[in-house]
Amino acid sequence: MPFVTVQIGKGHSIEKKRKLVKAVTDALVSALGTKPEWITVHIDEFEREDWAVGGILHYDKHNGRHEETGR
Amino acid sequence: MPFVTVQIGKGHSIEKKRKLVKAVTDALVSALGTKPEWITVHIDEFEREDWAVGGILHYDKHNGRHEETGR
Amino acid sequence: MPFVTVQIGKGHSIEKKRKLVKAVTDALVSALGTKPEWITVHIDEFEREDWAVGGILHYDKHNGRHEETGR
Amino acid sequence: MPFVTVQIGKGHSIEKKRKLVKAVTDALVSALGTKPEWITVHIDEFEREDWAVGGILHYDKHNGRHEETGR
Amino acid sequence: MPFVTVQIGKGHSIEKKRKLVKAVTDALVSALGTKPEWITVHIDEFEREDWAVGGILHYDKHNGRHEETGR
Amino acid sequence: MPFVTVQIGKGHSIEKKRKLVKAVTDALVSALGTKPEWITVHIDEFEREDWAVGGILHYDKHNGRHEETGR
């Protein structure tokens, strides 16, 4: 009964989510030999103002430094 | 200090949530003998496009096959 | 597809866990009308040294003050 | 690679969140000696109708009894 | 900064875990276009006596009915 | 009712945990103005073989490359 939670930044299209849950499910099937119907995947999206690395909100990192942030 | 997280599909009325947290709290009191005031219940709702079983989003399952989905 | 996580202190017998998962499942069935086979319950036990309220570990609270702790 | 999840009530300004992730990151640095860039903090906000203590939703507690609720 | 939690039954070899984290990371890279070094995977194993579907512990299901359980 | 989960590598002494929960609790008090007795902190330790960044288990990273790993 594997249960997978994927925490990612907000703003992915339903098409990307469709690919994501399929790819993650396939990954577990191939690595563990689990049947697909036993596998649940939960996508948990976060806002940029709710996530920080090194004590700096992604919101600030993004606006201030124009870096990629790996949503 | 039991802490309970209930992950369910979006769209339940406040009346249902009221019943849910009461019933879950009572369940812990009766099974474990904990005092109710020690028990926290957190309801964490998910969108249909953020949940998949067998690699298929509930959103697609619902729209395509008209099955019940156990929200 | 409700998924319930119950975080409780370590040291419950399998008999208590059996009662607990049954009672929690019944609580969801009665409050939400979900079928039992759709409901997963996960018990996640913690050690007393891994849990704190008010900045004080349960381990210390228990040893120092002889209070009940609501495992 | 510490990963910290802070579950709090909804409604904090970005300025408060900025302070929060900084203060929590500093707390881990001082207590564990971890480098700040290894520390991730995730803020997970909940609605008052999705949180209960003693079987009573915060939503009801707040409206009915005019108590502070420790958002 | 995707963060993935994989909850599975206890008892997988380190070799299987090695395959699992590689496969899950590749799945996110291919579905979302994220760089691998941004992706964290956490394996969270549970005991059979700490997991239930339909109100029945996996421990009991396994011992009583000799079914496969989809560890 | 803030609830904080701190996921860190296994092997911290109880003295370090004592400092950690105190420091994290103080951080929330200073950033949010919450009363300490409303704040719960849960330490969730993981094994090196259960955590990966970039598709590589910390267990392998540590053994193969002798790098620091930010437990």
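Per-chain numbering from 1; labels A, B, C, D, E and F assigned in written order.
One rule holds for everything that comes next: contacts are C-beta pairs under 8 Å (C-beta built on N, C-alpha and C of every residue); 3 or more make two chains touch, one makes a residue touch a chain.
For each chain, UniProt lists the protein as follows: A, B, C, D, E, F = Tautomerase.
Computed from a prediction, not measured in an experiment: that's the story for all the values here.
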For chain D (Tautomerase), the least number of touch steps when starting out from chain C (Tautomerase): 2
Starting at chain A (Tautomerase), fewest touch steps before arriving at chain D (Tautomerase): 1
Relative orientation of copies chain E (Tautomerase) and chain F (Tautomerase), as a Cα rotation angle in degrees, nearest 5: 120
Longest centre-to-centre distance from chain B (Tautomerase), chain (CA-based): F
Centroid comparison with chain C (Tautomerase) (C-alpha atoms), farthest chain: A
Shared interface numbering between chain F (Tautomerase) and chain C (Tautomerase) [over half = same, under half = different]: different
Distance between the centres, which are taken as Cα means, of chain C (Tautomerase) and chain A (Tautomerase), whole angstrom: 27
Mean-CA-position distance for chain B (Tautomerase) and chain A (Tautomerase) (Å): 21
Geometric centre distance via CA averages, chain C (Tautomerase)-chain B (Tautomerase), whole Å: 16
Touching two or more other chains - residues of chain E (Tautomerase): 1, 3, 7, 22, 24, 26, 40, 42, 51, 53
Pairs of chains in contact (touch as defined earlier), listed by label: A-B, A-C, A-D, A-E, B-C, B-D, B-F, C-E, C-F, D-E, D-F, E-F
List of chain D (Tautomerase) residues in touch with chain B (Tautomerase) within their complex: 7, 46, 49-57, 59-60
Of chain B (Tautomerase), residues touching chain D (Tautomerase) in the complex: 14, 17-18, 21-22, 24-26, 36-37, 39-45
Of chain E (Tautomerase), residues touching chain D (Tautomerase) in the complex: 1, 3, 40, 42
Touch list for chain F (Tautomerase) against partner chain D (Tautomerase), complex: 1-9, 12, 16, 19-20, 22-24, 26-28, 30-32, 34-35, 38, 51, 53, 58, 69-71
